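Data block below; observations after.
Labels run A, B, C and D following the written order; every chain starts at residue 1.
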């Protein structure tokens, strides 16, 4: 459903860029989880504008208020509602867009769908909608840590043609957060900073890739057929603004290997009764749509920001040709701020599947026979 | 839900590789659509084994029976159920797999999830499950043709390191079906045939890429936020066996363009009142998750077939190391047979969104005021 | 899903009795519907406490704020979020309930389910949760009026053993709203007022029945099998606090008629091409789960209010026996305030099915053949 | 969704009265449950025609085939598909109904909805659709017995104006199955037999009430707000053919009690740590939509069979008046055959909620803190 995501751990988001507020309802979080506003705010602070000179300078504190579902510092099991007021509203700043479609934005398609032009900063298609996702993802992250020690970690692995060299197996959050790019390869990160600043001064923008790993995911998460955990991750990632591609494990590069090269041999488990291990992980931690106990690793492609300061050919609502040059504050590159979005959606998908697996594990090996 | 797909045009599949039958229920198809068995069978024939020497020689007629939802050659609006009996059952052929996990298959993960080893050819994770999807996709395809003239066409664009040169704008189904590879570039196709035959004789296997285009999709299909049409396509594609990646429009390559290069400028519509056109289509026909009237174009990566004749290291259920060499009939390359699967899932996604859009378009430009 | 209702016109509610706020997200409302806060507030005012001396004197303005989904006085097609702050919070007033279960409330069952005792006025099980439903129902009501002239009207038809005599075919909202009981039979209404005041002074409470009619519902709404429109109404009504029964048309009394007496004969339509009419309406406007164009008429039983001032035997969380007497402000009879709840849920169900029918009506009588 | 029911334990049915087959897919049943065809067939035999002289003599063995989801006598965790062929097809027997609407059937409403007249015995609206529900319910029943010792037992408590006197607390299935009426009060049962035979010879039909009890349901099943367990039961029951009312616990009669009379006092648990008990059960085992550990007791009203041998006024598709008298074999009273339907739907609802509760119970009393 349009504004809903998840089957058992479910979120519903609402809100437009320049309306009164954005937010989310989280339904299906188990009761008695210790949770407070700081758990949510720290992830929101990682996505908000104005964190560094690399990203948009729109000033928003994005302070979250929890409206329901908490009692004496614990979740109650009922719907958790969270709200962030839009502080930096300046609808007048968008008046020049009332009748014009910004290229490669959702302006025309929303009008085609709804017969409606909410020209104020993209309305519902604005990246501010993702505030609700990040807030919900923070709840999922907390749940996954407590119940299973699952850790979800994303980073910028490519901006434009600059690729980072990263050892995913030893990477920590501190490595990622060490600089404003969220690229943990310092050399690449420095080049990325230069490239982003150059793009800004050129009135241009850059895209790139976020890589994400989920560690300690137990084997057995994911459903056969349609709700495969990698299929749900793919949907989650393509639902993010500006995302154009998703690949898991070997991905597109793996199509150039042969089966002998690509198959992940099984080795005996590290400890008796454990999951078998695989010396390679071309599967990306998922086989047949179900986690195999190895790290889940995937990559998400983000196009260059559509809003650029350079003049562009476009049309007005009535079809007449015009030229548009963006004004105001924009991100010349969204990649650093995309990291918490990718992590949030990953936490939502894994939390959902972790809970779903609880409904499978109800009969013992003997099928409950007595 | 695990075996269900779609919101308004919905399918539920069932069946295992070596059980009595596989099939599907289609719920939500509008009434009065002319439909007969031949509409379904022709797509099933494109996916079935034994079509050419390139694919597995398992002999299955895969003849479909329609059990409900049709009356006097028209859909009735109620659930359409379709059944294909598994003719070529030989469960004994799999006895040697009872206690061993095939590498890069779903054998271990299903056991981890369900505490159960259905060793007969992959059970529910077998590609035979896709029969139900193709049958349902054929219904969706018929609906899309009748209501909107929408055409969905896929082809093999890469096998291993052989890439085809194809002009997507003029391609026809006959071009694709001209040879056993479903690659419409004759030179590349010939190289692909050689590579597949070499892989077979090496006891190895190959992967590749299917590209798909949907033409005549009206602007306005797709939902904001989570049920973006490209997000649903991504999920649909990653739910296919062996799929490891999805990209739409410029995809991963687009991350290396700048915004000025990547943005699709709008041009005045070809006819008054029509949709504006874009001379480029880096967006792949989708902006903000909603179709913009341009062709929807995307690519799907399939890994090399996991079943290979060469011996591989693996483990038994109890964790002891062993070596496995596959026996019997396998596809050294699934790409040619993946084309109808990609098309079927595409038809299901677009039909679902086309019907959902009917619930948006209910008030006129004046909001129904009188 | 727990806090979600509806398939195409969908609502998600949140909030507890004594948390910061209650509210709702409405997803799936078509764009361009004229809507303002007053449309919502007028229905909220009909459910809020303190309307008359008959109902609880808890003081709450219940002023609604629309946070999203509106632009320049029209719906945008995206999620409509609405919020009501809880003004009259006094958590300390419930301290004596921290460890005790109120009889015939949800105190024990929530604790059994969640391992959690939110003792502040029922928490999520409080009737304040219905604020979100009424707000959403007001949006649905507006939609139904504009698109189809559908009118939904409920009234109190019985309190305790006092039954009203009402001609449902001529009844108007003004008749219902003429007095504080929402019973349009003045004689019965006077007796009901006396009975409620007597119950209050006795420290006791009363139940009763709300009857509801939906007029101008076109034939064809409702889905076969599970999502019958009467099945969805039954679920909607039983989901209301204190509801214990639902019957449509002849209901339980109809079990005492024979088929000859009970069948609704068809008569030729009033105008050529219209729906056939039925001189009787034992079906209650629904046949085979689908509306037949006659008024939809049903009744909902509400038990006497569980909160009473008299002392009652009960237990504490640890199982020890105790005696409880309620304090504070309660409704000795919820029936007058239940009327807008029944109407709201009815509007939600009908709006959902009206929109769903738009996905059925897409091929003409010829099945789209050309 | 139209042909789907349930959130976690899900069923999808298909099939028309006179098409090739009817059936069901069950999705979400946990793996390793011992199950065989006999478990299903015994419930189907209780609903099939021709069991006694009281019910229709249509001859159908209704032999079920399990097509998927079983392996070596155990469920696999994947979708269970079950099929029953329609043996007694005689479409020609319905030719006289091609253009006429049977009163109080779904003939007109299906035509209004779908623009389609499947005149063969009701098509999708036929009671044969319930075969799939009964087959699915038998799986749910087996699951509930194994995991929790839950027992679901229904009986005929009223036919026309004959009411049975039954002690629900001691009743057994053998008591119910002792006679063809499924009324366990022998005196009332004898009167019911006479009344049904009289109705048949009069060309008339009778309705009545089925009462159902679910025993050993643990406290805590059901979700707040919309998916209350009694709301889901109400929907389940109203989705059955000919159902017109549902009441739980005290139901409509409870509206004539006062709060002091109606409230179920809590008493200390029978054993330390157990659920508190209630000497009365006006709540019907459900408080705030969640089970409280007492027996769940509810009643379902079924109208008199719409098909009667007497001539009735009706109209043709074009609106012209006509007179119709039914031919062939009908049930003058469906109540005895409705019992397994009510039980099946009850098992489906409880199994669904039992599984959903598994996703709530994941953190200990300490919220998983370590």
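Just so we're on the same page, a contact is a pair of C-beta atoms (placed from the backbone, for glycine too) under 8 Å apart; a residue touches a chain by one contact, two chains touch by 3 or more.
From a predicted model like this one, the values you see are computed outputs, not experimental measurements.
**Q** In terms of CA centroid distance, which chain is the most far removed from chain C?
**A** Looking at centroid distances, B is the chain farthest away.
**Q** Contact counts by the stated rule: is the higher one at A-B or B-D?
**A** A-B is joined by more C-beta pairs in contact.
**Q** Just the number, please: Cα centre separation of chain A and chain B in whole Å.
**A** Here the centre of chain B sits 25 Å away from the centre of chain A.
**Q** Taking the mean of the CA coordinates per chain, how far is chain B from chain D in Å?
**A** Inter-chain centre distance comes to 38 Å.
**Q** Which residues of chain C are in contact with two or more other chains?
**A** 1-4, 13, 28, 31-32, 74, 77-78, 113-115, 124, 224, 360, 365
**Q** Taking the complex as given, what residues does chain C use to touch chain A?
**A** It is residues 1-4, 10, 12-16, 19-23, 25, 27-28, 31-32, 65-71, 74, 76-81, 83, 113-116, 118, 120, 123-124 of chain C that touch chain A.
**Q** Can you check the complex and tell me which residues of chain D touch chain C?
**A** My answer: residues 1-5, 7, 13, 101, 103-106, 108-110, 112-115, 124-125, 129, 158, 160-161, 199, 202-209, 218-228, 230-239, 241, 244-252, 254-269, 272-276, 278, 282-284, 286-293, 301-308, 310, 312-315, 319-321, 357, 360, 365.
**Q** Considering only the defined contacts, which chain D positions touch chain A in the complex?
**A** Touch residues, chain D against chain A: 8, 28, 30-34, 74, 77-78, 146-147, 224, 355-356, 358-369.
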